[in-house]
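These notes open a run of structures that come right after.
Look for chain A in each of the two complexes below; its partner is chain B in the first and chain C in the second.
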Partner chain A sequence: MSTPARTSRRSGIRGGETASGWLFTAPMIILLGLFLVIPVLMALWVSFSDWNGRGSPFGGTVSFVGLDNYSALVGGGGLAEQDFGTALRNNAWYVLLVVPIQTMLSLLLAVLVNRQILRGRGFFRTAFYFPSVTSSVAITVLWLFLFSSSGAVNKLLAFIGVNGPNWFNDPSGVLHNLLAAFGVDTGPAALTGNTFLGISFWEWLAGPSVAMSAFILMAVFTTSGTFMLLFIAALQNLSGDVVEAAMMDGANGWQRFWRVTLPQLRPTLFTVLTLGLIGAWQVFDQIYTGTQGGPGKTTLTPAYLSYQAAFTNQAWGQGAAIAFILFVIIVVFTLFQRWLLAERGVSARRMRPYLPIPTSGGSK
Partner chain B sequence: MNTTVRTRERTVSPSRRLRALSREQLPNRQVAGRSLLYAILIVLAAIYIAPFLIQVATSFKTDGDAASNPMSLLPQTWSTAAYERLFLNSDFPVWFQNSAIVTVFVTLGRVFFNSLAGYALARLHFRGRNLIFALLIAVMSVPGVVLLIPKFLVINQLGIYDTYVAMIVPLLTDAAGVFIMKNFFESIPASVEEQARIDGAGTFRVFWSIVLPMARPALVTIIILSFQGSWNELSHFIVATQSPELTTLTKGVASLASGQLSQGTQYPLKLAAAAIMTIPVAVMFFIFQKRIMNTTDGAVKE
Partner chain C sequence: MQRRNSRWLIGTGLAVAGALTLSACGSGSGFGGDSADSGGELTSDSAQGLNVLIGSSGDAETASVNAAVAAWSEKTGTDAKVSVASDLNQQLAQGFAAQKPADVFYLSTDALAGYASNGSLLAYGDELANKDDFYPSLVNSFTYEGDFYCAPKDFSTLGLVINTDLWAQAGLTDADIPTTWDELAAVSKTLTTDGQVGLALGGEYARLGAFMAQAGGSLMNEDSTEATANSAESVAGLEYAQTLLNDGVMSYASEIGAGWGGEAFGKQLSAMTIEGNWITGAMKSDFPEVNYTVAELPAGPEGKGTLQFTNCWGIAADSPNQAAALELVEQLTSKDAQLTFSEEFGPMPSIQSAADEWKSANPTLVAFLDGADYAQGVPNVKGAADVTSDLNAQLESLKTGDAQAILDSVQKNLEALLK
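Presenting the complex of A and B:
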């Protein structure tokens, strides 16, 4: 920060800091460089090559194929394109449902649990947060049991007279099922006749399959606790003055929440939404453990498809290409987040006069 | 809060006073509202807890009982067959041992390397520091799941595929952890360490015996995150190993789920495995519960 002070100090008690600085950061630089930066560069090369997994990808038998791997995915017209389109469709529906639901639920939980006069606050917080600490593998195993055809969820549905589906074996799209209930079994020719990424528009609009819906519920179950904590922290940092002023002006509880509290939570809301977006595009563990993409490829996701292409089908170039396309999708969302957070700077500055002076450790 | 409202009301306009009067009726409505709040919370909590209770209960059932009474919280006949099978008649102990080994080394490694790098980035003035920090931020934004193939490539190239080295070393430091430590070191006053420097202590000495003991709260955060992270890690072990002796719990239980060890559904067995797998992180969670519930705001606030 203060350059003059820095240079004058260097010869004094801070002598030799350059050496120790590099020495202290060396393990981190080597580890992250070796297992993160270099691998990404290697994979970038593989995505432009025809390596089939045998020998080294840098050996003489491997040749440069340009954008072939990428074009096979986004315009090849073959199975690769169809699978990639299906995986994108599945994951897009997953994101579209998981992100809003988990955000709303976690905000609701935070608001409910944040009451000062609530008895058993600790218990409720623990109950809502606990699913977040368990591993996705363990939760998936549990989910496979709860959502099996004669499992607990279907027993519960039978109580209220609903004949539950065979969750993880049902490839039918939820929206298609909804339309079928109204007698619409096939889409208009405009939708069924035209395709994008190898699957028809009608198929794009199928909605998540019943199997994917179970994964969507699972994601909401496991992430809402984490995001609840973020919202609780934000709620506790809000000053009570504004709410009190609104109370004085006769605003009821509902108005106070929507007009006073929620606008102040905007930065946290954006953080939760974008963290959710980034996380929801990376579905892998659940699919690997639970369904391996089935039934009918309706739980295939780009992350799992990338793994499958490389490790199972030995199409390493294609697998790496899928990973990089996914990377771009996620980076776009991260930039989107940056852009939204840039807006936060303005509102935070405007809010500053109304916020209490931050004291260390006194944020309870 | 109520008292301040009252005192202010005395000085406000008549219309306000009217509203204040109507608030007198609130107690009744408040009781109703409070009951509704508790009802909602209890139902929600039941939904969140029930799956785990069902899990534990089912792990003590027989296969037939689990299939016909999937919701009951009490087994018809208590059976520990699933646990006996897991511990005496399967690779489960090996998986558990591997997960434990990896978790211990990764956690120790991260505590040391993250704080070392975090301290240097926060406190030491050296040429290239800003560049390193910029790269760290860039690295942090790389989503983990796109690293599956890249990690395999480098592990394969280095000739360490299917070894403990491949399982542990790539996880020994993480960008987010370094970032947390850097933030923490920036928040504590520099005067103490400067005193030690004047007394002639070397940089590492200052770090090891003065700064690190002061960093206990942040180190606990690192321990919690890396314990949870490495115990629950799946994808890295999928691409780093293949032999049964190196299978971790996550990988092993995932293979159970897809039916590799068992004939038929065998839900008690699978759920018992998943339950045991949850115990260490659950214990960790309950030990540091207060910290986890409060630290998150400190860790995320930036």
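Presenting the complex of A and C:
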């Protein structure tokens, strides 16, 4: 591989190519460097400094404080740690519910609108995609109205005899409520007595609050359309031959989807899950316009906490530190997910039904 | 492959270095500059006009401040421009980081400690000609580590707002207006009917704290040097509120489908609410058909108590023309200017000399201003806003919670701030 490359570089007619290549990519490299790389490096420095928001973070009065900002968040024992723990708890539940649901829903929608026999496919595609092109602020405001205590959703629930919760003002955790329905009001001492990041394990297991659940529904509603589009594109790229071959082999629709179509969608699935994870961990707009962390801090997310720490509390180092911890979390999740979806050889157990039946005793 | 990678790295490195140099040139003298320090002479570069940044409540306030600043500008010949911030905290922070802040701006008690401690603010309070005219409790709110930083712009206190029609319907008269905790509980009970609660208020420290004040408690002492959150008095105040909640005669506005106390009151979901004088504007524009009257909050075991909220006119330490800024602030806090503001968009003047005229101009709102005599400010130590927002989160479940445990956690958090 390296031999042809070397000869081509030496040849006269291609000599200037490298320089031109750099020249053509230079505008983008400079733009990205100026507006992405440098700000990120500056923020990294701020997270290790005691910069207090006045003047340049590289000024003479700003000093390096090592891991102080980080340790206040993950082991300080104070309010900062507790808030960070709460924000992580809230966002973890959000991710846990939003990412699988939106992926499944968007795949389902894509398969549905991709069917040849469906009439008015164009209409459905547009309708499902519509929430994605609307600004998240507008949808948040809509959601605040729909889910107000006397809003449309509760009216609808009342219609079928359900007394709806006071969505955006209800800080109780969904799992806690479920357990309370079975008479479990307080957790075992092992859970309530021990804490992680300033909040007890029992609180970690509270589940998303009712308010957060409304945001989860909203995220699923708005993003499913976008991911549906990705799945449609992938589905249309699949060649019909393979499916036809499967049909000839007698696979039914269910088997064709799970054994033939879905494995071929693996790259798209990876994209959708990665984008979903990143988006879900960075949730900010909805919180900023909707609840600002309330009720009872149950919709506080690391992204919003970072903003709040920096802009309202002048704790810039801590705000930057939260952002970098969030960055690490996202990277770790993405890597894990990449490992999970990696192509692997089919295990012998799985393979067995497809192998030709060994003709034992043939030699007798 | 290896080779190409390393070239790419070198290329990126060069690009980053180049861009760093560029950005360094961009900020020029800003690097490492630390020019302003409070004390000493005020800057007075008269070539520079003043920028005034306000967080406006609406058109009326914007127009009113604009007119006042323009009048001053005309009189003194110094240019001044008013801008309305869409997110005041963020815009202020950007200005301070760039060392090109607005010269004069609205500043809340929450934000004071953060900006004062990083040197962004000019502590000009002692140089004000009308310094002694401000209510002492307001001066306290804007005093940080012994320095009086900025002139209180105006203020509000909490009062008991009563729906007079519902009051009369329930057979109550003026003589029944509650002056003690027991009377408040009694009338709340009388006024609670099907679909209407006696008293509604926001479930937060900024309302419930008034009960703590009436019981003689507080979160911190007056100078914000000592935490007093879990004193027996504070707990008693919160427990009284808890009793009202559990008796069903008082509700949080959010529980009955309203965004705040004023909305619950305006929609007649409650017959009374505890709000500040800003409620008058909302009643006029959103619920003009509701008749109401305002009374002082009832006294608790330790006498009368209410909370007060205020903003000040901050001046930036980096302002090139602090002398003119100070003059502008003196003008804007003068009796005439404050009475005009009050007439146009409703706040109460922060100076004592304007009290009598304000009372005669607003006879129905006298109770709010009477509260100034015993009102308690909110803590202004750095980080207090976080602690109160944590308290607010806990207060949402006060009904089933333990007042002592809630205030113990607040005490712990406040003590951590003082270390």
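Heads up, the rule we're going with is that the second predicted complex is superposed on the first by the 304 of 364 C-alpha atoms of A that agree within 3 Å, B and C clash if a C-alpha of one lies under 4 Å from a C-alpha of the other, contacts with A are read in each partner's own complex, and residues count from 1 in each chain.
Criterion: contacts are C-beta pairs under 8 Å (C-beta built on N, C-alpha and C of every residue); 3 or more make two chains touch, one makes a residue touch a chain.
Since the structure is predicted, the reported quantities are computational estimates derived from the model, not experimental observations.
S.K.: For A:266, is the partner it touches chain B (first), chain C (second), both, or none of the two (neither)?
M.R.: In the superposition, A:266 touches no partner, neither chain B nor chain C.
S.K.: Name the contact category of A:149: first (chain B only), second (chain C only), both, or neither.
M.R.: After superposing on A, A:149 lies in contact with chain C but is clear of chain B.
S.K.: State whether A:237 touches chain B only (first), chain C only (second), both chains, or neither.
M.R.: first
S.K.: Check the residue A:313 against both partner chains and state whether it touches chain B (first), chain C (second), both, or neither.
M.R.: Once the two structures are laid over each other on A, A:313 reaches chain C alone.
S.K.: After superposition on the shared chain, which partner residues are touched by A:17: those of chain B (first), chain C (second), both, or neither?
M.R.: After superposing on A, A:17 lies in contact with chain B but is clear of chain C.
S.K.: Which chain A residues come up in both lists, the one for chain B and the one for chain C?
M.R.: After superposing on chain A, chain A residues 22, 29, 34, 37-38, 56-57, 148, 150, 310-311 contact both chain B and chain C.
S.K.: Note which residues of chain C are touching chain A in the complex, please.
M.R.: Touching chain A from chain C are residues 1, 11-12, 15-16, 18-20, 22-23, 27, 30-34, 89-90, 93, 96-97, 99, 110-111, 114-115, 117-120, 254-257, 383, 385-387, 389-390, 392-394, 396-397, 413, 416.
S.K.: Name, in rising order, each residue of chain A that touches chain C in their complex.
M.R.: 1-2, 22, 26, 29-30, 33-34, 37-38, 52-61, 78-80, 82-83, 148-150, 166, 169, 171, 293-297, 310-314
S.K.: Chain A touches which residues of chain B in the complex?
M.R.: On the chain B side, the touching residues are 1, 4-5, 8, 12, 16, 19, 37, 40-41, 44-45, 48-49, 51-52, 54-55, 58, 66-68, 70-71, 113-114, 116-117, 119-121, 124-129, 132, 136, 139, 141-154, 157, 169-170, 172-173, 175, 178, 187, 194, 197-198, 203-204, 207, 228, 231-232, 234-235, 238-239, 249-250, 253-254, 256-258, 265, 267, 270-271, 273-275, 277-278, 281-282, 284-285, 289, 292-294, 296-298, 300-301.
S.K.: Of all residues in chain A, which touch chain B in the complex?
M.R.: Against chain B, the touching part of chain A is residues 6, 9-10, 13-14, 16-22, 24-25, 27-29, 31-32, 34-40, 42-43, 46, 56-57, 109, 112-113, 115, 118, 122-131, 133-142, 144-146, 148, 150-152, 155-156, 221, 225-226, 229-230, 232-234, 236-237, 240, 244, 247-248, 250, 271, 278, 281-282, 284-285, 288-290, 292, 303, 306-307, 310-311, 316, 319-320, 323-324, 326-327, 330-331, 334, 360, 363-364.
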